[in-house]
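The structures considered in this document are given below.
The same chain A turns up in both complexes below, where it pairs with chain B and then with chain C.
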Partner chain A sequence: MGETVKLFVNSQEVEVAAGKNLIDALAVAGIQIPHFCYHPALGADGNCRMCLVEIEEGRPPVVPACKTPAMEGMKVVLDSAMIKKVQQDMLEFELINHPVDCPVCDQAGECDLQDYYMAYSLEESRMDVPQVNKKKKLDFGCGVVHDQERCVLCGRCVRFTRQITETGELGIVNRTDAARVDIFPGKPLDNRYALNIVDLCPVGAMTSSDFRFKQRAWFLTRDKGVCHGCAKGCNMYIDHHREKYGDDIIYRYRARTNLQVNGYFICDEGRMSYHLQNNDRQTETIVGGASVSFDDGIKAVVEKLNQAKKPLMIVSPNSTVGQMWAVLRIATLYGGDVSGYSDGYIIEGSGDDYLIHEDKSANRRGLELLAIKQDRAHLLETLGNADLVLNFDNDFHFSAHDIEVAKLLSEKDYVAICSHRLTAFETASVVIPIASYSEYDGVIINHDDVIQRFSRAVHKNNPPKDIVEITRLLGGAITDWKRAWPGIRQTISLLREVEPDQIPEEGMKLMNSGEPDVTA
Partner chain B sequence: MSDRSQLISSGQPFTFDSARDAEFERLIKRYPIRESMIMPALWLAQEQEGWLSTEAIAYVAERVGTYPAKVFELATFYTMYHLKPVGKYHLCVCRTLSCYLREKQEIVDYLAAELGLRPGEVSEDGMFSLEEVECLGHCGTAPVIQVNGEFHEEMNVEKLKTLLAGLD
Partner chain C sequence: MEVKILSAKFDIEDSHRLEVAKKHGAYGTLEKLFAMDPADVIEEVKNSGLRGRGGAGFPAGVKWGFLPKDLDKPIYLAVNSDESEPATFKDRYILVRDPHMMIEGIIICCYAIGSHDSYIYIRGEYTSQLKILQEAIDEAYEAGYLGEQVAGHDFRLDVTVHRGAGAYVCGEETALLESIEGKKGQPRSKPPFPAVVGLYDCPTIINNVQSIASLPFIIEKGAEAYRAYGTEKSAGTHLFGISGHVEKPGMYELPLGLPLMEVLNEVAGGVWKGRQLKGVIPGGSSTPVLTPEEAHTVTLDYESMAEHKTMFGSGGIVVLDETVDIVKLVENLIAFYHHESCGQCTPCREGLGWMLKIIRKFIAGDGREDDIELLLELCDNIEMKTVCVLSAACTMPVRSYLEKFRHEFESYINSSNSDPVQSQAE
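Up next is the complex of A and B:
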């Protein structure tokens, strides 16, 4: 924890980190102070007055917790009659013109205003004058829909566009009870991170047009995941749900804080990539154009492998370290070559200097560390020699990239082991459906050498198998990536000290010990 | 306070005339932070056109080097900025606490009846416009009204009659 200070909260002694404000310092100790406008990424603004706390013998005696650093010996009071009155009064102010339309509001169930009202107020409204009407369902651009009446004017969204994206599309216009968030006429939100505003909004004023009215917050299972949209590996929550008689599907991704990787936010592209986990999935097993059972599909592939003189295995830069390792092992078993050719995943100029990387693959470092060749010349050479090609979910055709490779592949005996129906797999004679990254667990290494572990979130009714299981069915010896870890660790010197179960939640920056890698 | 967020487009591009351009350049040297110039620049634009159109606000943002939304905030916050054309005589009645307690409503009601206007409107002949504004800082001599920026203190209906008679 570093340097700490001891202070008293409601007469209880608490030890917290020094140098933080009371909201953050006490949150670590499990003590919540209600607040709307403060957010660690945006700093203290002090406009909402919801976090007022009493400091015994303090001058002044009532201070906003967001602007008050935790100090040695401080006596913080959160439950005095005065503070309870302050909290109740602040909520009464916030609710004067609030429509209280929780039953039709997307935020219900995860709304700070709703939660605080239940915790600190529960007062009847005393208002007998008409409410101030403002605009609803405003299209702010980038999929952000704004309801001015639900807004508590905390200004998080405005500060986000000014401090984080530096695009400044939003402002609080008018004053007094007519104040509202708005865009300048004809200048809607126009940045690649705009949907973070929906996460940031403490109430239901900012909603996502993609998620609106699709699912109630309390039905969602919130699992932790790592985005596979680019080489950054941003942390996010996978919010998914199985409707009665339906299948487990993902309704949205939300940013998950990881100061080592992505901070507090994720890009919009990554956020929307959840659609690809639900849609265009390969679910059928196909042999020679006909739909067959999964087992028959595997049998067909094993037969082909046994007859092949020189199979080629293509691995994906999105696969986990364990999956890549498993493919390497069966390639050795069948005397095949391995290629990780995936130039198409790199879209030049698509990155920025914040979170978006131009390499749209999640684990290229894994390929590199396992010394899997990625160059095109090697692929063309091995493809020329091969009499059977097994593609383990590598969308080499990413962004309609390599037509020549596609043509060469179509002339080969081509087996696609894939999670999605994509152009790259169209010419395959055998297609085996597999799991996508929300449906298995493993480790990936981002472009910055941070190794991150993620767990399975989605449990489909017919759970597709992941690549490790497929290699096992094809005769491989690896049953579980964690059991294979000692072998992986021996091959990659950078992972020598890494124990999968000990990778912390925020990932681990890999440090080279200086030993040379053993070639796989 | 009414909603002032509906900006009106003049349909024409806005730029400072040469005198105001020079004044802008003279004033901006005073401020270590360029954004401090937003309010004087809005004032110059209003002086030139009589009111602030969407184009004028966008121009000020570009000229100062800030976000249009930020200038939008300021222009809608202060009632001294006119977001639509006003009459030849623009009457502002203070509606904040001291004036409120000293019967500003009588003044508003009288003016509204006399001029046939509701607050926020301009008379058909373009002579008068009426607006209720936030505190004008003359609480000691409430109620107070402004006619084209000029203060008239301790107002009552009798005084208003004289005042209006002198305006035509």
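Up next is the complex of A and C:
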């Protein structure tokens, strides 16, 4: 952990990283200091006073931990009667004008105020005078709804719009207990990251109009995921739940910290992309326009493959390295060509200089490293030669404007193996439904050459199969991408040292990567 | 008892005009000043024992010594003329009656600390005072006392007046800096202290108007001459604003260390209308109240005030006669500090409003015995837990009233809805 300092916490010696404040330094050692306003992405503000700690022989003796660097020999006291009283007192002050409407508050179950009250207070209310009334249900724009009465004025949201998005839509107006977070009249939130405010808010003051009242926090299963919305590969939590008699569906994505990839935040577009995991999904197997069983659908495709002289396999830049590899293998088996044409995924001008990439695919680096051709000329040539086209979830909807490709495709015997309806062209003779990225596991490589592994989060009642399994049903030999990894590693020299089980949670930066370096 | 050092020109007609002020010695110290080494100026001020006249009483020369050495950044001087403490009206006399004394003091201070840009932060309500001050600054520029070459010496000094918008908290030195920077006036967390990271992140010295105005005398006559007034630890003279129930309220310059009651009786004419004394607020509304007994033993200096568990404060003395309703006084006091809380940190933002509602319960006849205990506890819960001392400026005096005049709160409980003072008078 670099340079360290030794200090005492409640008379116990602890060794922590130097140069951090007490909240961060001690958190690593498993010691929690309650706080509202401090956030590592936004720095210390010192306004909530919840993190006050006692420093023995310190001047002054009570200091905010967020503003106090961990220092050699420091004697921090967290368990004295005085500090316990201070924590109770601060919670009492936060709560006297708080509506305590937890039963109808979305934050309940993941609310710092609620959790701290349970952990540090449990005192009865002594407030017998009228509360300060403020405004509720304010539409701040971008799907952010504000409740001024629940707000603890920690200012995280305000600092986020000033320091991170630099758009400054929010401010705290008024003084004293009339202080409240507000927007300028007629100037709502207007940035592509606004919903991070909902994550940042330690209480139920900032809620998402998309998530409000949909699900109680304690029912949600929180799995770790990697966003497939663009080439950045931001880390997020997939919060999902299976209602009784219902199916496993996703209720929201939340930002997950990964300092190597996305820092503390994700963009709103990526956050809202969970809807596409629930909706517009291809669930039916179709042959010749008629709904059939999945097995019959696979049988039909195998028949076509056996008769085809020159099949073309189209892979998606969103597929995992293992899926791409599996498609390559069955293309070899059937003597077919492979194209990764996906120009349509790149939407020029849609990116920014922060997290949003203009390439809306998650694993284009995977295509490149596997030397799968992506150019249009190659697609047109192979498409012209092909007598059967198998599209493995490449969303041609992105390229719908490409009339020439669409026309050529419509003349071919076309099999759509797809997770979403969008890719199932009406001209497809066979449509096979497959899993989307929240329903399988694998590795992808982002635009900055960080390889990340993600796991399956959602377990549907009728789990769709992922591309690797489909290729196996079509006669391929690969049963599991991890078993195929030695082959993949042989092929991509950059991955030679990469062991899937050893990819750390924050991903692994691939070094010396340049042009395609296929050796096999 | 009265002395005329700071107030020497106060009674001269048009003393705010440069022409008149010069006739009476204004800017007379500059030749001597520029012949001195800046370090010697600081030493002289240290030796004079001058303490910050804003209320805290921190030794001025020592404060200057906190500036980091050899830093490649400009140093600023901010003159705190936000004079907002209730019962305090000393700085306005200087601003209006001898602004050139303050400007001369600014030159002395800036020369000593190596600053070339000074800001005078004046409270928004001082409209006529602002006009006079700005005219004086303009005159000083015109006469060459400010600008590229101060009094012909190779020393640039610019003075800018920044007008506040009427917030008490902007008298707190870091809120004052935030306000000058164009931000919402909210105190900063310390450390870092302004002497290290101040205005625009540069080292900054913040001094009160009266502190600055005391400098010309110290430089002209020397530290010893200044120490001739006052006590060992409270050197010099102070402008005392005496108000409330006295026969002759007003602004008086006195050496520090005089017995309070002597001053009240001999200078201010004693408690008015032949009434009895109920208490004395010694130095602005934020200082704990003194009972008549305490008032008879205290002297007007920092040490004696501390011994009496109060503070010297700003020199704004308020005399309370027997008719004063302490509960209503406390309501007024809390209402002020509640209104002026910047709302930044939790205990002050939420706590003062709660205290105000509780005291209003007493006035409405709904007060209970345990409300007194709750108020006392809230004082403890808020005090020293906040970013700045605004909350303490409320809780310290409130605690003193609750402890020293508890019976008045209790009589509100016992005779609900009746005014105890009223019934006493009848």
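Following the convention adopted for this analysis, the second predicted complex is superposed on the first by the 509 of 520 C-alpha atoms of A that agree within 3 Å, B and C clash if a C-alpha of one lies under 4 Å from a C-alpha of the other, contacts with A are read in each partner's own complex, and residues count from 1 in each chain.
The rule we apply is simple: a residue touches a chain if its C-beta (ideal position, glycine included) is under 8 Å from a C-beta of that chain, and two chains touch if they have at least 3 such contacts.
Computed from a predicted structure; not experimentally measured.
Look at where chain B and chain C land on chain A after superposing the complexes, then choose clash or fit.
With chain A as the common anchor, chain B and chain C collide in the superposed model.
For A:Lys187 in the superposed arrangement: first (chain B), second (chain C), both or neither?
First partner only, chain B.
Touch test for A:Ala178: chain B only (first), chain C only (second), both, or neither?
In the superposition, A:Ala178 contacts both chain B and chain C.
Touching A:Glu169 in the superposition: chain B (first), chain C (second), both, neither?
A:Glu169 contacts chain B only, not chain C.
Of the partners chain B and chain C, which touch A:Ser11 in the superposed model: first, second, both, neither?
A:Ser11 contacts neither chain B nor chain C.
See if chain A has more residues touched by chain B or by chain C, and give me that chain.
Comparing chain B with chain C, the partner touching more chain A residues is C.
What stretch of chain C clashes with chain B when the complexes are fitted on chain A: 219-227, 291-299 or 327-335?
Superposition on chain A puts chain B right on top of 327-335.
What residues on chain A does chain C touch that chain B touches too?
Common interface on chain A, chain B vs chain C: 172, 174-178.
Spell out the part of chain A that touches chain C in their complex, as residue ranges.
Chain A residues touching chain C: 44-50, 52, 60, 62, 64, 67, 85-86, 89-90, 92-94, 96-97, 126-127, 129-130, 132, 152-153, 172, 174-179.
Across the complex, what residues on chain C touch chain A?
Contacts found on chain C: 167, 169, 184, 189, 338-347, 349-354, 357-358, 360-361, 374, 381, 384-387.
In their shared complex, at which residues does chain A touch chain B?
134, 158, 161-162, 167-178, 180, 182-187
Considering the complex alone, what residue numbers of chain B touch chain A?
Per the touch definition, chain B meets chain A at residues 1-5, 7, 9, 54, 57-58, 61, 66-73, 76-77, 134.
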